[in-house]
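Below is a structure I'd like to ask you about.
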Amino acid sequence: MSKRVSFLGMGIMGRAMAPHILEAGYELTVYNRNAEKTREIASKGAHVAATPEDAAKSGDVLICMLTGPEALEDVVFGERGLSGADLQGKIIVNMSSVAPAYNLQLASRLEESGAAFVEAPVSGSKKPAEEGNLVILAGGGDKVLEELEPLFLTMGKKVIRCGPVGRGAMMKMAINILLGTFIEGLAEMLNFGEKGGLSRDKLLDVVLAGPLSCDLFRMKEEMLRNEEYPVQFPLKHMAKDLKFAVDTAFENGSTMPTAHTIMQFYRRAVELGFGDDDFTAVGEALR
Amino acid sequence: MSKRVSFLGMGIMGRAMAPHILEAGYELTVYNRNAEKTREIASKGAHVAATPEDAAKSGDVLICMLTGPEALEDVVFGERGLSGADLQGKIIVNMSSVAPAYNLQLASRLEESGAAFVEAPVSGSKKPAEEGNLVILAGGGDKVLEELEPLFLTMGKKVIRCGPVGRGAMMKMAINILLGTFIEGLAEMLNFGEKGGLSRDKLLDVVLAGPLSCDLFRMKEEMLRNEEYPVQFPLKHMAKDLKFAVDTAFENGSTMPTAHTIMQFYRRAVELGFGDDDFTAVGEALR
Amino acid sequence: MSKRVSFLGMGIMGRAMAPHILEAGYELTVYNRNAEKTREIASKGAHVAATPEDAAKSGDVLICMLTGPEALEDVVFGERGLSGADLQGKIIVNMSSVAPAYNLQLASRLEESGAAFVEAPVSGSKKPAEEGNLVILAGGGDKVLEELEPLFLTMGKKVIRCGPVGRGAMMKMAINILLGTFIEGLAEMLNFGEKGGLSRDKLLDVVLAGPLSCDLFRMKEEMLRNEEYPVQFPLKHMAKDLKFAVDTAFENGSTMPTAHTIMQFYRRAVELGFGDDDFTAVGEALR
Amino acid sequence: MSKRVSFLGMGIMGRAMAPHILEAGYELTVYNRNAEKTREIASKGAHVAATPEDAAKSGDVLICMLTGPEALEDVVFGERGLSGADLQGKIIVNMSSVAPAYNLQLASRLEESGAAFVEAPVSGSKKPAEEGNLVILAGGGDKVLEELEPLFLTMGKKVIRCGPVGRGAMMKMAINILLGTFIEGLAEMLNFGEKGGLSRDKLLDVVLAGPLSCDLFRMKEEMLRNEEYPVQFPLKHMAKDLKFAVDTAFENGSTMPTAHTIMQFYRRAVELGFGDDDFTAVGEALR
């Protein structure tokens, strides 16, 4: 496979992921709307493209890691966007978290361009990204996913092929539901225990020592002990993701009582002013 | 501390825990209503007492690991029960899972006997018990807990001193809420993902590879993949434990929306005939 | 049937109900712990008994309309209680709102006395009581209920024979669930409409003009318009009644998602300080 | 005001409403896609228009009572639609149940035409429509609503002016939430009571005799007694309306725990095959 990769989007995640590609020996071009954020990776040897179109020209695999549909529309179809370049034979990899339907739409809108389209949202946030330990939730054709495997494994420890385009995004949504459930469940348990005379620290000690301990809780441990929630994944985004999940459940007829319940509390926490904190702050809505 | 320990209750947990005491060099006496279940540990060197009263005479620390208040009433206060012996200076350790109020009541009813009372329910089930990896949730006086620490550490990897009697049981209840939440959350997520075209196996692969992976899920992995639920912790007990937790929440005024929601679904699963399966079967109530 | 009736309990309800019995030509004796509250009815011609025992002697039908089990224990089985008198051939009618199990227990504890026991909680509060418009939810033997019918119809416009003792209380509990649901549902709808730019007054106008209009809403209209909630039926009692209902549902396996949801919000409203307001105040917990 | 009215949509509601306009002395033109349904009203003296455009020409007030946005798009903006006619000075009244946002959009799209736009969804279904007893939830400018009042009062007993366009639809949505809550609450209460040994008929007797009795329950009484649910308002529409309401609540930040809970059960009832029954069938999802 070609060793020319372009990476569009140098946000928290992009800046953590792109260096692994470079280190693995790929020729890397990066693009970010605010060029400031490309400096560090440039200093390590990446080219910086002035426009998405230029980035498209410099790479054979074009990775997008952006905040959502709005940014994607801009970068892919906007002025001097990816689609301005000749995409014939290239592979577009959308690693951004979006709805299954939107990835399907992207795939179909890009069909005529001659590019292959693949989705690859990730499970894991900043820290696993920095360590190259993401889990990559790939959706797309088998052959192209096969081809991308080594590239994906520079950024992640595992690639799960979820099926055709749409299934990767579906998987991501399913994971998010569980993420939200773990944190809300823990918040209720802490609140309940405290009302019962136990200290927050001891409650956390027991959880972290037993069969419910998981990396998520270890990552959030400090927040939970200090009851301060510097943002990693904003609570308002969790509320929106959960809303989207229950909307999907309404469509496909799945029974999701817990997901509905927690969604309401994340939403309530937004109302109470915690939307820009980390989603771990949801417990504050229970007081 | 005295090395004479009596262990009352050779159920699944008792049989897994007691051998560690023996191996650590304590002089161990065991009692079980059905003597059949004492054979294996007897073959390793434990004495077998014919009655709880006899067990009380042979030990200085008397551990109860029984199914609940009914069995405890029988073993402690029944004919030829523990309380028939002279308990002056002995330590009674209730490791059974019961309500905080019941342990407080036990403590007060045993006060005159001259025995010290301690509660020590555990986090972890059969496998951690076999491996000596339980987390012990101790409630009682500091001095006596200090004294018991080495004994506890034969059975567990960690002892959390939760406070006075009652707090250990409270901790256990808090943990159970989270246990129930994890499994219900996972069940909803699997159900949702399957309706969205993903395979149960891939969904589990992703969960087990990422930040939500935990020993609980690894223990239940086989059940979840096979959709068969041979009992480890019966679903009907989880339903009852959760009911008890929300009752407690009603009393102490904690807001527990998720706990109420999942309690209803465990109860519903009992109604649908899954009460004697492992509590992992709760997902069947969502279909 | 005998025309000698004793009425024990001159609370809000008792004082509203007893005059109808007097007006219908019965010979009425009343009892209340605080004798102050018997004055008005005495001035209309009722006898006042100094103790429940005396009341029992002066009547052949002994009606209890008390706040709950505690008061009943006192009045029926306490010192100088009903049961101190010779009850042979008398009829004891418990109109207080209590659990089915408690009425069954009363019936069995009174069996030896030779008195017949009947339960007759009511649907309707102060105003229907004053107007003689209660609905009487009778549980007991057919013959004795037949006999009591004319007496009941002095206080109520309708008698529903619910079955044996216990069923009347069950019916009352079922009605309370719906009562709580109507008010919580209305509260949510008002809150939702106000957030959507509609005035509380217009929302109420529409509800009261259409197919959802009911006496309950008309009785609470003023409270809802003024957002002030002088107590008629205390919110904390509604919380407790709903808790009792979901406990019963847990036992008998009924699925009651709405009842669980609203119970939590009434409980939350207690926590927020509205326990002594009318239960119509529950909407304040949604803000 | 002009006496020339056109009524578009001769569905269940339209056929029940239009005759009142005729009887009040207005000159009435009707339109329906399937002309069959215009026969009866034609026989009473109404003109029948072949197209919406023709209907627009024959009336000064143009009433739409259609199934939803799709039908409205067709009738208003489709080929030979209303907007093909000169609408200058006319009043368009949308009585169909649609989202507030859609009515706002209609208003703005019709602005250039010179027609005034008013929304007027109704509270009440077939029977109140036949009796001229609807409650009309009007949204629009004060002057035009003033002018329409006599026309509205031919069809309804009460007109509530809810505010500018959008507020009428908002009011309708609020009413629907309560409608859904009443029926789900009653269903749970019946189910609960039956499990407790009471008969469905007695439970309904008590509800219908007391302060919770309302026209809605009287209209559904027969269904509830027979447990057969011939459609008046399809359950699947209630599920969709409630989903739309909770979506709106998510946007505007209202806390609606009960609405979320009942929405899930209506949705579940659809999944279980009751979507085309009357929404009163929701209780079947609780079994």
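Every chain is named by a letter (A, B, C and D) in the order it is written, and numbering of its residues begins at 1.
Just so we're on the same page, a residue touches a chain if its C-beta (ideal position, glycine included) is under 8 Å from a C-beta of that chain, and two chains touch if they have at least 3 such contacts.
Owing to the predicted nature of the structure, the values given are computational and were not obtained by experimental measurement.
Novice: Using the touch definition from the top, how many steps at minimum link subunit A to subunit C?
Specialist: Between subunit A and subunit C, the shortest chain-hopping route counts 2.
Novice: What is the chain whose Cα centre is as far as it gets from that of subunit C?
Specialist: Max centre-to-centre separation from subunit C belongs to A.
Novice: With chain centres taken as the means of their Cα atoms, state the distance from subunit B to subunit D in Å.
Specialist: The separation of the two C-alpha centroids amounts to 56 Å.
Novice: Any idea how many Å lie between the Cα centroids of subunit C and subunit D?
Specialist: For subunit C versus subunit D, the centre distance works out to 38 Å.
Novice: Any idea how many Å lie between the Cα centroids of subunit A and subunit D?
Specialist: Chain centres of subunit A and subunit D, defined by C-alpha means, are spaced 43 Å apart.
Novice: Give me the residue numbers in subunit C that touch at least two other chains, ranges are fine.
Specialist: 253, 255-257, 260-261, 264 - these are the residues of subunit C that touch more than one other chain.
Novice: Judged by the touch rule stated earlier, which pairs of chains are there in contact?
Specialist: A-B, A-D, B-C, C-D
Novice: In their complex, what parts of subunit A are in touch with subunit D?
Specialist: Listed in rising order, the residues of subunit A that touch subunit D are 243, 247, 250, 253, 255-257, 260-261, 264, 267-268, 270-271.
Novice: Can you name the residues of subunit B that touch subunit A in the complex?
Specialist: By the definition above, subunit B touches subunit A via 100, 123-125, 128, 135, 137, 157-158, 160, 162-163, 166-167, 170-171, 173-175, 177-179, 181-182, 184-186, 188-189, 191-193, 195-198, 202-203, 205-207, 209-216, 219, 245, 248-249, 252-262, 264-265, 286-287.
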